[in-house]
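Two complexes are shown next, each including subunit A; its partner changes from subunit B in the first to subunit C in the second.
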Partner chain A sequence: MSEVRELPLVEAIKEAYQQEMERDESVFMVGQDIAGGIFPHTMGLVEQFGTDRIVDTPLAEVGMYGTAFGAAMEGFKPIVDFMFAGFFLNAASPILAQTAQFRFIHGSQMSLPMVITGACGSGMRLGNEHAMLVHNMIAQVPGIKVCMPSTPYDAKGLMISAIRDPNPVAFIWHLGTMMDRGPVPEEAYEVPLGVAEVKREGSDITLVANGIQYKNAVEVADKLEGDISVEIIDPRSVSPLDIDTILKSVDKTGRLVIVDESWDSRSTASQIAAQVVDVGFDMLDAPIRRVCIPDIPLPGGHMEPYVAPNPDAIEAAVRDVCQ
Partner chain B sequence: MATDYVMPKLAMGMNEGTIIEWLVTEGQQVERGAPLMQVETEKVVYDVEAPVAGWFHIKVAAGETVPAESAIGQFAHSAEEYAEISGGVVAEAAAPEVVFDENLTSTGAVMPAAPVAAPAAAAGGRIKASPLARKLARNKGIDLSAIQGTGPGGRIVKRDVLAAKVGAAAPATAMSAPGTLTVKGTVPLKSMRGAIARNMMQSLQTSAQLSQFSEVDATRLLKARSHFVNHADSYGTRVSLNAFMVKAIAVACQAVPIANAAIVGDEVVLYNEVNVGIAVSLPGQGEFDSGLVVPVLRNAERKGLVQIDSELRDLATRAREGRLAPGETEGGTITLSPTSAIGGEGVYCWSTPVLNLPQAVIVQPGMIMDRAVIHKGKIRKRKMMPLSLTFDHRVMDGDPFAAFVVTLRRCITSPELMLA
Partner chain C sequence: MALGKEQMKTLYRNLVRADHFDKMMMNRIMQGKLIGFYHPGDGAMAAGVGASTFLGENDILNPHHRAHGMAYMAGKGIDVGRYLAEHTGKADGCCGGRSSFHWSFPEQKVYGASGFIGWHFCPVVGWGWASKRKGNQVVLMASGDGSYGQGGAHEAMLSAMNWKLPIIFFCENNGMAIHSTADDMHPMPDISSLAQGYGMPAVVIDGQDVFAVAETVIAARKHALAGKGPTFVEAKTVRLREHDVGTPDLARAEPRDPEYLEELKQRDPLVLATKRVLAEKVLTQKQIDKIIKEAEEEVVVVEKFADDSPIALPSIEELQAGVYA
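Coming up: the complex of A and B.
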């Protein structure tokens, strides 16, 4: 068996684009700076697929999104790239109010097979709008699936699933994972949406984390090895949320810490905690702890690493729960 | 020498205390004034602070009930001394030597902390256990109250249940043979339940109780109250019937001082202050239990209706929340068992109230209802109150008691007389 090559996460996303656009002519991209490439995930695509399928737009989110929306209604499968995911808010009404509810409003007669993507997250001190975490905001509205990869393997598989899914899917990736390398098979494959993965087995505590926080969780689990046995679950999708995988793990460990790079209130962490208490109350041997961004704006300067969830905060929460 | 730590006597009437929870762990180095344990007495739950500093050795486990002043722990002056008294276990704290205050003894210096909301166990002695621990204990038939928790704040966690012996205090769940009784539940006669049982029994067995029932026209009392209620905004309280009853009792006690008395030793002692105990019913500690506490409203003879009412509400609220301060249930000279205590809504009835010893009189008004009575020669609908009283025949005889009742009734039929 040949060894699987390693790719950075952005290359894995690009490979998903390439393979799906080669496979299906109705797939095309519309977005900001995708003909050039602030991030390398679109580098070279315009040379390969031409300007008809790599549609670079000005900084006009509503128009850019409207192009994709209309094309999706006509049977195309657009990938609309906001570059920095926080700017999806400029097109919040067409995305959250119209796209999410489109299929419902049309009595399940029509759907919008589109991918909404962009990068965000702490770690680069980019400041409030560019780092703004939006996965939970989109997940707030039923009708759009929302996923966030933690590894290059998942990035390619989730993107392919997102493109092939007949529903609108938001694929939000974390800037801090951009150059993370990991094994990525050459052929096209799907990682199912709405399915979490136990990424590391353990017996003392369940630690849920995604995006860059998955990396931090691994760092903490490594450090505590021999002392506290940490089971790490990557939710991969925040909507729909695979609560069953989390519950199964909590049933084994009796303890739960959820890391979610998002504001504490109304985060996926809060949602997971609520559902685990609801269904798995009798499984809990300790209070659930959430490691999130406190309810203040995420600062772009030197305070960012202190405000965002970090390995120290995760370790403290894990130790606290394992007293 | 290590200093013994005894169950503090937190109130005059405290005979025993239940250690709800140790707020320190075995061998912990404790600062003077640090929260040490949570104690439930017959009346309230207290947080107790460490009277001295030292390495603390727990001698009586949480959940145990012990007499006041009996030894329940020891303060060692040093880690070495702790190792000695605890049987060779080395204290984990290796902090610098703590200066030990020789002038303090554990009994004299105990300071009950302000009874703020306790994080670990609410009033009623709730056991702190994780949901998983509760489920495991339920499945294995283990009584959580028999387990000492090792989790944060003494919480019982999974490992504690797994370590506990099965069957030690298993509830009877097995099917019984036909014809025998099965146990639905038990109510331990301890803490508040134990105190009530003991006091009631003692009262009925050691005093000469005579009860008297009558019916009194409360039409004008309700009218008088309605004036206060109409001005509730300016008074800041809706003056209750209980406040009127407290006031009436105070007036009657001043008219007949022997009613405001107690047997102390071999004499009857009469008091100047009319301190009226008010029976407040409480939920019990378990599914089948109920509780009762009697906070005392002091100097009713010197207070107006509005002040009496405000104080009554405050006492009742804090009694229900388990936040009465030490001493607030002490020093009563006569007791009022409020209207709601018996009968309930729509039941017109009398009962034989049981004396709250060593007091000589207890007053129990019943539910006021419309009754047909002969009023000024005609049958009229009037608001009538059934009134039950019990007095101690050792303290007084029929005449003074009759005088007391007459004055009390007069205050109810003509409430303006209370202005005198």
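Coming up: the complex of A and C.
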């Protein structure tokens, strides 16, 4: 294979938009200030696709989201960009009460192919509303898929899968990964939804992490190398959750630490822990540890670095479990 | 534009049918033969019939909760048997018995009802957006006065007018939202006065006059298809009964005035329409009797279909298979 060029994650997302919009006329984007681009992932797209397909709406999340929701029923494949993922809460009712459950309640007659996207996460000290990760709030409701990339490769592949999927898919990306560079093939390709990946093999402990926390996990694994052999799994999707890949790893290592940049209670971390105990209790040589945000709103200011999961907290959990 | 005689006959027939269906639903909820609620449409079926009867095949229709959309079914040729089967949790229901009253007929572009009043101000933007691109369809967005309290109403009208979307905001103002009066909840007597802020053409009509409603909606539809954007049609109507069967019929916290309700009944749409079709010789009394008899027979067929259908009790595994496409 020839050498693959490197792109920042945000450019990988943009390439997915571009290639899918070129491939399929029914794909369009709707959001606020996406023609100009608040983040680089939509910058310049309006020149290629025009305002019919790069649609800016007023500051009105319900109407903005409705452009996508209604158009999906009419055979279009919208990508609706909330800018900051937390802003989805302004349209939470139509997303969670209607869109996600629509297909099922109406007798599985309709498909709603659409991508709901937005950026969020710790690192910029933006305070709770801009920073909070919303993947678990969305993933609680059946009928909508939820994914979050950790690498530029996965960002492009997951976005392409999300656009092609016949279901609503929430694609949440972490601000802390925006400019991370990594190999991204030029051609279009899919990274399947609902499939985790063992990103680093190890034998002593299984460490599950995504988004910026995947980077932190790698940092910790590097630091512990020679002392503790860490296997890192990136769930990539939190709904559907690929528990089998995690169980297979835990069967090998006997130990599990889950990092989830979310409130601890009712998180993906707690869900993984529950499922591993249900099915793999006998595999475990030590208690499972979760590294999450304590159940307090994520503060801005100077508190974010120690309230949000961080390499020190991850390392401490790994060492604790491996004692 | 004046309606032709055939159009008037069709409207009259649909009004009679809708009235019979509403009474059927009333009877069934009283007999415990309906799942969930029923919000009776008694005396207020003309607006929906007039608005929907001449919709195009591609037009998107969103009915509201009053009479559970029964007044709006005619124009879309909704299979009332499958509708009733749905409302009774039967396997032949339009949504497999899963939705109770959140029915839909997506193939006919009735994408579903919701218990969240005003929910449709959200997808209506996309329905309008898609319709504009397709160029051969409009959206009839029906709702009551109460739903215009929702913030989404503003967001929908904003984008509809910015983008000149082919949407008819069809508001049935019956003056009541559960126990709240429109007088208390809206600062202006006409809900359609909201349209002024968007520069949207608006009209107030008599929602008890099925013919006037149809004429107005036909004109609004033409306006939309010509690329001129949305219109706001406010049909003044009444609510003769309680909000939903079993809830006390109050205005604020007091029972509604029986004399006032009696007065409202004088303008029953069927009484008005019958007078007119006879006076203008559109129909004879004999023809009217036949229409009524056919509607009665239709109710029997519809009820038999729903009652004969087995109760929908799929396994958890079957249900799980229906969550994702």
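Simple rule for what comes next: the second predicted complex is superposed on the first by the 322 of 323 C-alpha atoms of A that agree within 3 Å, B and C clash if a C-alpha of one lies under 4 Å from a C-alpha of the other, contacts with A are read in each partner's own complex, and residues count from 1 in each chain.
Please note the rule applied: a contact is a pair of C-beta atoms (placed from the backbone, for glycine too) under 8 Å apart; a residue touches a chain by one contact, two chains touch by 3 or more.
No experiment lies behind these values; they were computed from the predicted model shown.
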Clash or fit, subunit B versus subunit C on superposed subunit A: fit
Partner chain in contact with A:Gln323 - subunit B first, subunit C second, else both or neither: first
Greater subunit A contact set [subunit C / subunit B]: C
Which superposed partner A:Pro305 touches (first subunit B, second subunit C, both, neither): neither
Spatial angle subunit C-subunit A-subunit B, Cα centroids [nearest 10 degrees]: 100
Which of subunit B and subunit C A:Gly254 touches, first, second, both or neither: first
Touched partner set for A:Pro58, first subunit B, second subunit C, both or neither: second
First (subunit B), second (subunit C), both or neither touched by A:Ser108: second
Which superposed partner A:Gly36 touches (first subunit B, second subunit C, both, neither): neither
First, second, both or neither for A:Phe281, with subunit B first and subunit C second: first
Smallest distance from any CA atom of subunit C to any CA atom of subunit B, in Å, after fitting: 31
Set intersection of subunit A contacts, subunit C complex versus subunit B complex: none
Footprint of subunit A on subunit B - complex, ascending: 130-135, 151-152, 157-158
Subunit C-touching residues of subunit A, taken from the complex the two chains share: 52, 55, 57-58, 60-76, 78, 91, 93-94, 97-98, 102-111, 113, 142-143, 145, 166-167
Sites on subunit A touched by subunit B in the complex: 254, 281-286, 323
Interface residues, subunit C side, partner subunit A - complex: 60, 93-96, 98-99, 102, 104, 106-107, 111-112, 114, 116, 119, 121-131, 133-134, 151-152, 154-156, 158-159, 162, 319, 322-325
